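Across the two complexes that follow, chain A remains constant while its partner is chain B and subsequently chain C.
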Partner chain A sequence: MNNASPFHNISPSDDLVTVTFDGIEYILPDGANLAASLLEAGLRYFRNTPVSGAPRGPFCMMGACYDCLVEIDGETRQACMTEVTSGLKIERAHRDKGLEND
Partner chain B sequence: MTEVDLVIVGAGPAGMSAAVTAAEIGLSVLLLDEQPAAGGQIYRNVAKADETRGDILGKDYTYGLELVTAMRSASITHVTDATVWKIGEDGTVAYSVNGKASLVQGRKVILATGALERPVPIPGWTLPGVMTAGAAQILLKQSGLVAERAVICGSGPLIYLIAQQMIRAGKPPLAIIETQTKSDLLNAMRHLPHALRGWRYLMKGAKLLSEIKRAGVMRVTGAENLEIEGDTEVRAIAFTHRGQTTRIQCNLVLLHQGVVPNTQATRSLRLEHAWSSAQRCFHPITNEWGLSSLETVYVAGDGAGIGGAKAAEQAGAISALHVAFALGFITKADRDKRAAPILRLQSAELALRPFLDRAYPPSDQVLKPADDTVICRCEEVTAGDIRAYARLGCTGPNQAKAFGRSGMGPCQGRYCGLTVTELLSQETGTTPDAVGSYHIRPPLKPITLGELATLEQTLTDETKGLI
Partner chain C sequence: MEADYAIIGGSIVGLSIAWGLLKRGRRVLVLDGDDGSFRASRGNFGLVWVQGKGLKQPAYARWTQKSAAAWADFSAELGESTGYNLALQQAGGYDFYFDEESLEQRVAEFETLKKELGGDYPFEVLRHNELKREEPNIGPRVAGAILHHQDGHLNPLRLLKSLADDVRRMGGTVKCGVPVKRISKRDLFEIEAEDGTIYAAPKFVLSAGLGAMDLGPQLGFSAPIRPQRGQVLITEKLPKMMNRPSGIIRQVDEGSVQIGDSKEEVGLDDRVTLETASAIAARAVAVYPDLAKAKLVRSWGALRIMSPDGFPIYQESSTTPGAFLVTCHSGITLAAAHARYLPAWLDGSDQAPNLEVFSEQRFAIS
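Right after this comes the complex of A and B.
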């Protein structure tokens, strides 16, 4: 996976917390939009589709497309409608369907 | 159950101005919105965005602050992070905040649920790294993120605005690949005399284009056969122009083919809708006050037909005035007196629309996607699948669901509905109105059984309290 972020932050925050995504630690801005923060951290794909297992990432950023689905504490949630809080344990949604491409 | 005079769904320009207008007249107002702060997508996060962001996003964005401030001073109950999942014909609205469900009874309801990006089914549009142009703007407004090594492609003035903002942020797009053609522009020209009433926007457009040119950004119009390449994420975008194929390596692709009304809520209420051939989308049928085919429900702003932020703000106020009159707060004469100047401004605001609709139509490629292009992102149904269903006798979108699950995933058809209607209309030779659209049933967004349980508990407790 390409971990160089395709985004540049023009006003970075220094109020940071730690979360994990698929077991790996990430330092993200507290209270920020989760999907945006994960994208900034260099994560490109958030879930696999239940049908073919194809990788997907945020598409609309406004809660409409559901391509940003992640699992948090066993619950499937839209990352673009979730705020970063300390200690979030995030996993890819439907990663059992995923292709070996990490 | 809480009872209020007016429930408003959506805190964008239409919802905010409706709330302020109604509250100032003395109506009790409950404003429900999905986001943590007021503004809608257009003014998203405007109250918190710092100066750097404000400078990049420009005055049309920071203007939203006025609306947000006006809202704060009026007596409005604004519930943030609220997911509305059911709206009843009688004005009851069910919503959840942090997994806890509530029910409110409005004497009237204004739906101000805004627009969605038109679906852009082209090869590769499901790859990670492909986003809507609107998403790129939200990332900038909400989180201060600017896309790097991005290509913007499609059709519509929003493309120029985003490009300019990226240039200002020091990260110009690698290229702007537009699908509209010279003949689209020629077709639009007959609307130009009328459009001159919207000269401010024309000037703004010209300024954006010259800024893009000065920055040296590659720009192509009349591009065809767009194809996004990559296996697990975007690597490049290819297109043809005058028969020549060009390929651009990039990190991100930002797609835009205009915006369309978000009709999930209005469809769930079975309001009457009509097809707009100029904007190629469905919109709920409303009168000049935004009143829908149901006496309790109004639709204001882009959700009733695309007109942009200012027109939406005006529409919100106009609907609120009608609600205030209908509930006996103001006289008819008072309503008309207050509405007249707003209606005049609104007609000037909308003057440019017919020109824009003709100059920036959705491309043929997205209206008639190739057979192997995925059109339903959730269930991965292709255009060829839909055409095959049509050959098997499928005439409408709801039947198509049964044939192959299109529209049955979590997005509930938000990003395939229009494409399915277009495809079935082409295949069966009937009008989009006759083909119709997906039935939308509540919940409008997935909710858990736990949320339903909390709602039942509150309602039972309340009933007990009454006895």
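Right after this comes the complex of A and C.
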């Protein structure tokens, strides 16, 4: 957990599961909103833009802005429209693009 | 408000003409419709396309080629004066085929046209393996493609915005939200908007897209046009996965893949349907299988403006001279010609292109 995170879970749960993001394990509340949970865990940037490689993270949190995209099982998904489930393997969407531009 | 020309329709067609007239020193007033209007300029596919046009009318193929050839310079000039990058790319475009037979048939038609055009029709046939070298993401079901080197694409919304900006910058007036109800001729053409305002000008261009179906007959035009619906799908933004556009699928400069080219005769109905959306999505996936995992973020329907033979109509009214009808399906492709060459025709200059074959006379029953 990153204690510097300004995001706090207002309804904490004891029902926790493990997911990975870019190969790192995170313990998150089962069934919680994935974008919110990753923000609380201290993550800020979820993806790189596919053309310029600029970093992006959640913005609208309601399925409209497509900025919180992550890759799960090879598909781009909106993290704010996804629930935390046990064993999710999450990758930064278009991560290759970002690294190329580093 | 003093204007030499009133232009009904602030579309890409109308604004291209206004832009060209301003360059000739004319004063223009452009009246655009409202959100209730059917606006092909906001719903189109953004192709600057030569391939397959005018197979039975070489004059249309030549007019299209003349415009395509004028595009690079036109785009550069618009970009320089407005700061918009139109993302024009004219590095060729594909027509994909799933079976050899229809490919061969098309090639034969192209060869005929090529002869009629004196050889100026640079296309080549790419079989699957050759195509795969150009487009590594192509799917196994694609038998081949015709690559036409005069084809290309651009960002059509930036084109619309830059044209409107530049027309205003040069002193033209563009009024939005002004649907026109009636047009009559006294000393001047009097154009009555739906809110009752009257605009007047000595010359007048009707470039109102499907709006010409109602307005055209008021000035003696037959305006035999009809809507043809096309549905479009937009994917999430993706890393570059294709190098050239085609008539059914292209990747825009911002990363999204645009999928389209359905043709439905459904009247003034621009809704989307699941059936057609699925069909064009399936075809796109057959060409580029990686798209099966892509997320769609938007879809819409838009109405093409089709004449009976699919070619443009350029007609001065015989009953009220000074009134011109300009309508076409390919407003993006022809924008450069409309900006550079059509204004001389409207002005009655001896530099005017010969557009006789595009008059309404061709539809007259003799």
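Throughout what follows, the second predicted complex is superposed on the first by the 95 of 102 C-alpha atoms of A that agree within 3 Å, B and C clash if a C-alpha of one lies under 4 Å from a C-alpha of the other, contacts with A are read in each partner's own complex, and residues count from 1 in each chain.
In the analysis below, contacts are C-beta pairs under 8 Å (C-beta built on N, C-alpha and C of every residue); 3 or more make two chains touch, one makes a residue touch a chain.
Since the structure is predicted, the reported quantities are computational estimates derived from the model, not experimental observations.
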Fit or clash between chain C and chain B when superposed on chain A: clash
Partner chain(s) touched by A:Tyr45 [first = chain B, second = chain C, both, neither]: first
Which of chain B and chain C A:Ser11 touches, first, second, both or neither: first
First, second, both or neither for A:Tyr66, with chain B first and chain C second: both
Touching partner for A:Gly23 - first (chain B), second (chain C), both, neither: neither
Residue contacts with chain A in the superposition, chain B compared against chain C: B
Chain B versus chain C as contact partner of A:Pro55, first or second or both or neither: first
First, second, both or neither for A:His94, with chain B first and chain C second: second
First (chain B), second (chain C), both or neither touched by A:Gly74: second
Those residues of chain A which chain B touches in one complex and chain C touches in the other: 49, 51, 66, 69, 75
Interface residues, chain C side, partner chain A - complex: 236-240, 253-255, 293-295, 297
Of chain A, residues touching chain B in the complex: 1-2, 5-12, 32-33, 36-37, 39-40, 44-46, 49, 51-52, 54-67, 69, 75, 81, 83, 99, 101
Of chain B, residues touching chain A in the complex: 34, 36, 41, 50, 52-53, 56, 116-117, 126-132, 134-135, 138-140, 142-150, 169-171, 231-233, 251-252, 262, 377-380, 409-411, 414-415, 445, 448
Interfacial residue positions of chain A with respect to chain C in the complex: 49-51, 66, 69, 74-77, 94, 96-97
